[in-house]
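Lettered A, B, C and D in written order, each chain numbered from 1.
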Amino acid sequence: MSDHLHLWLIPLLPLAGAFINGLFGRRFSNRVVSAIALASTAASFGLAAWTAMQFAHMPASDIPYHRDYAPWIIAGGFQADFGVYLDQLSLVMILVVTGVGFLIHVYSVGYMAHEGGYYRFFSYLNLFMFFMLTLVLASSYLLMFVGWEGVGLASYLLIGFYFHKDSAANAGKKAFIVNRIGDFGFLIGMFLLIQKFGTLNYDYVFSHVANMPLEGHSAGFLTAVALLLMVGACGKSAQLPLYVWLPDAMEGPTPVSALIHAATMVTAGVYMVARSNAIFSRAPLALTVVAVVGLATAFFAATIGMAQNDIKRVLAYSTISQLGYMFLACGVAAYSAAIFHLMTHAFFKALLFLSAGSVIHALSGEQDMRHMGGLRKKIPWTFAVMTVGTFAIAGTPYLAGFYSKDDILWKAYSTPFYGHWSLWLVGVLTAGITAFYMFRLWFMTFFGESRVPEHVDEHGHDEHGHGGHVHESPWVMLAPLVILAALSIIGGYLGVPEILAKATPTIGGPDAIHHFLAPAVGSEPEEHALPPKAESAAALATAEHAQEAEHKMEMMLTGASVAAALIGFLLAWLLYWQRTDLPEKITSQIGGVYRLVRDKYRIDELYGHLFVKPLVENISTNLLWKQIDVGTIDTLVNDAAAGAQELSRRTRRMQSGNIRSYAGWVALGAAAVVAFMVWMGMQ
Amino acid sequence: MVPLSYYLVLSAVLFCLGVAGFLIKRNVITIFMSIELMLNAVNLTFVAFSAQLHKLSAQVFVFFVMVVAAAEAAVGLAIIIAIFRSRQTLNVDKVDLLKL
Amino acid sequence: MNEALTFLLFALIKSVLVIFVLLTAIAYTTLLERKVVGRMQNRWGPTRVGPFGLLQPLADGIKFILKEDVTSPNVHKFLFLLAPMLALVTGLASISLVPFGNQITVEGKSTSLQITGVLAADSNTDIAIGLLILLGITSLGVYGIALAGWSSNSKYSLLGSLRASAQMISYELSLGLSVVGVLILAGSFSLRQIVNSQSGGVLHWFIWPQLLGFFIYLTSAYAETNRIPFDLPEAETELVAGYHTEYSSMKFAMFFMAEYANMFTVACVATLLFFGGWSGPVPGFLPPILQMLMPVFWFAFKIFLFIFLYIWVRGTLPRFRYDQLMAFGWKVLLPLAIANIIVTSAIVAFWPQ
Amino acid sequence: MLHLVLFYIFAFLCVAGAVNLLAQRHPINSALSLIVVMGSLAVLYLLLGAEFVAAIQVIVYAGAVMVLFVFVIMLLNAGEEEHSNASRVAVYVGVPALIALAALVVYGLLHNTPTAGVQLAIGEFMGGVKPIANLLFRDFLLPFEVTSVLILIAIMGAVVLAQRGED
């Protein structure tokens, strides 16, 4: 095993930055703080890139590169180590995390320039980087869980960054608690694994899972573990039914929304499922659940997204639905597709959020799209990059989103044994909706006549503390946007399907990313689940034909999805550009449904009534507090105290304070002891 | 040859006399002397056994006992002086505030 | 005549001899002191009684005996009587451990020139812990003074004895520690061993490696014997005569003799530990008959030098103030002694001879 | 034989001194009788062949500790002890318990003791300086160091306790 990779540095550099800023940042100037934060992140990114180069030259025998640095827990037969586990999957992840993370750090320097708690923000951000990288690089589920919880903590801290705002504090709490529920599932899954294998190291677990029989007890075991892990993933990646925390998480500063709640952290669930592909692929039922949940979430969130007016909320819901896509991909055992989409999504969603942030910045904190419009003249750069992002996510050909999303849809349709046309259908529908609400956002923000309120447009002053007139963001914010825009264009060329290979530029040939990721996540489900192909010439011929037919079909489906996107675009164009009066009419027509959707199907209220209220009122208030705490524990304590008092009141006279009396008692005791010893001696 | 038990009985007697002193004397200094007496009795036991078993380590323990006794004497007498300064008496029956 | 009887006989003879010599020496030391101090102060000192006042000590002794023995009413009788005896006994007893020379042989029976010397062929057998016993006896000397002061129920005496006992306890520490260096070098508590280990000429005496130890010993020994410049307990200008204010005639004489006896003990120990005991400055080149006598001569000579030093110091130095005395003992002598031990042991440990 | 005689003499001295310690009403007499006890104990140690311990017994106890006692008695000018009887417990519980204790211990000792006598001739010293030093500075080095710390603390404590307040 080659030891020349110092992977441990990749997470620890940001940690160091976090420590320095967290402990001494208060004394530093903003310049120094940002210097430290950027330096640590940049170094981490550089190291990741270098690792990638080394990785290219590494003999296949060394992959996955697994190394334990120090023992962490040694309890009986159980041992957990501080170790790193680098394979194609985690490599892609660290590149995405450090890269996007670095860009967003840069952006934040401009965005947060006028905020209080500057050092705090960057310290948290670096802390998040540390935990995220730990999560990605961990060599066992346990260490991954540390990162898992850590990112939860970081996101809690950052959502509640404006802790003086109640809504922010509550949003933080909500995120934390909802995540707990998911983590609970994750934990139980890990317990099951420990109970079965006695360890949580990937090597061991995966190798043993791979040759467990697929029927009887072990199948049930695998399904259970997979489902429990899925629960965890749902919590972290905001899938149904645990997605509710993510929209509220937008209370945090926009860079946070971009980094944590769009690009990286929320994808942890996807990463975890992909990482556990060995388990999932051998639990078909669980996979189906994953697929259904993912798809449902995608559709559901997309519909909500249509009716939101807060620009960041729209993006939040689109994030949820995109995550749904990724789960759909996982659910059809197309993990590489999921990771591919994860990557492209990281690019364009970060781009979208950041440019949304830039818009908000320009409007001095205004987030409601109904108070925007006609901004494309005023902030051309933002407009440009936002456009790229919008088209990318809407799935316009030649842009990143198109390739990854279609890849997923195609897999959803075509993957033998898992794929199904219904999955594809809903997927396409969702794609159309996505296109609609994204363009709706685009039109409402940048076109039409300005609906910007006077106080902002002319001479308002705001929490950002500078002149209110609409203004383009500084370059330190625009530069990352441009880079991300470029990425969201070319990012897709990593995974161009064969059929389009002739028509579009590619990087590393068609399906490069799939071939790259194949060793880590398994290229096609055939390998595990299906009978091998026939060998005979005839069979080959039929295979040829099948190939032909498949290509035609794939072409058709791609066309369909593009069409869906186009429809979405046209609809948005019609409603929010041509006939801006139409929306009111329509909504008044279908008022009930509209309100329902606008209020996010009142899911929060539902949960409130179903879980929160009973919990707080019955269990906490009545049972825990009134009965157990007051009723039982306090009485016990008081009675004990009273009893002791009574006892001492009777016996206190022994304590005469006279040494000689004490000596008398001591002598008595000594006599007793000696008597006992003599008696023992006589036995 | 003197049987070991003679020495042991002697030390037992001395020890008990020390305890008796602690019980019946009123003067704190005398009580303190009784404690020293007990310690000496213990030392005698140590030495007797070391002679009996030809084990020198017992005598080493005698040293430790002496060290403790010396330290105790220093601190204890200092305490006695402090007590005497504060209440002009050495009678332990008059020094009994350590109670509820 | 069996061994035990011989031993007893020898022991008896030696004791009588030594005590007689010692008492005489003490008596004449008083004369010497008065003479020397007199000369130092341009006086003659005693000259009347006998030629050069040589009979003066005798006269003093007679006077002491004939004086009335006053015992003031409110004294604690028993202790008042016990105190001077304790002082004198401890003073005299310590001499019994001191070896004056190698063994002598009488009628084939050989014994060592030392009261407690055992009857043996080789002259090296000796009480293994002689020095410790010596220190023990010295440490008992305090009681005489303390009890004297307390029992005679007088402020001056009490103050004097309080001072004395405090002072003696304090300086006993540095006294004991100062000789440890020598013990490390000699590797034994036996005085005879110590002397033998520095035989072979003046250069082998422990005074050279243990110069610091020697001065610490000398200083604290002066304090132990309550001599000037440490004679606070009997500072006549402040408390009439210290702890023996109330004493007269023979009881007083006992204290007097005890003090001088202690001086001799100190001188003996210093000689034994630091100046090679009875061994001459140059290894023997003398005729055998002298070989027999020289050791005793050398020993006596060295002791005389020390006694003279005592007197000289008395004639020269002023008296300490009490707090200075204590501070000096605890803050200067004690640390020095400890440092001396550390350095010596380190050198012995790391220096291959 | 001689051994036994000496033992009886000094054992008697010990007990007599201890009894006298209790009998005397004046602390200084008690102190002196305690000194007697310690002195005769030292002789018993010599009989038991522990010469070094004996010497230390004289130097430390008789020479230092008891001097301290006498010194304090003189300093506080302690007089005869008063007749006060504030503690009935000491009389009604302590004394019987004490007697029981003594009886039990002596009984236990006399009933099961090693019959062998102390196999040492007079003047045969096993507790020389060198072996003890070896034990003390090799096998028991850590306890030794710890006791040195104890002593240091005791010194400081004594100084702090005995000094007058800032008046």
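Quick notes on this structure:
Assume a residue touches a chain if its C-beta (ideal position, glycine included) is under 8 Å from a C-beta of that chain, and two chains touch if they have at least 3 such contacts.
Since the model is a prediction, treat every value here as computed from it, not as a measurement.
Take away chain A in thought and the touching chains that remain still make one piece. One finds 29 Å separating the Cα centroids of chain C and chain D. Centroids of chain A and chain B (each the mean of its C-alpha atoms) stand 74 Å apart. Each chain gets one centre point, the mean of its Cα atoms, and the points for chain A and chain C are 93 Å apart.
Chain contacts: chain A has residues 656, 658, 660, 663-664, 667, 670 touching two or more partner chains. Of all residues in chain D, those touching 2 or more other chains are 52, 56, 64, 68, 73, 75, 86-87, 90-91, 94-95, 98, 101, 105, listed in ascending order.
In chain B, 19, 23-24, 26, 93, 96 are the positions where the chain touches two or more neighbouring chains simultaneously.
Pairs of chains in mutual contact: A-B, A-D, B-D, C-D. Here chain D touches chain A in the complex through residues 86-87, 89-95, 97-98, 100-101, 104-105, 107-108, 111-112, going by the rule given at the top. Against chain A, the residues of chain B that register as touching in their complex are 19, 22-24, 26, 31, 92-93, 95-100. Note for the complex: chain A touches chain B at residues 652, 655-660, 663-664, 667, 670. Note for the complex: chain A touches chain D at residues 656, 658, 660-661, 663-665, 667-668, 670-671, 674-675, 677-678, 681. Residues 28, 32, 35, 51-52, 55-56, 58-59, 62-64, 67-68, 70-71, 73-75, 125, 128-129 of chain D are the ones touching chain C in the complex.
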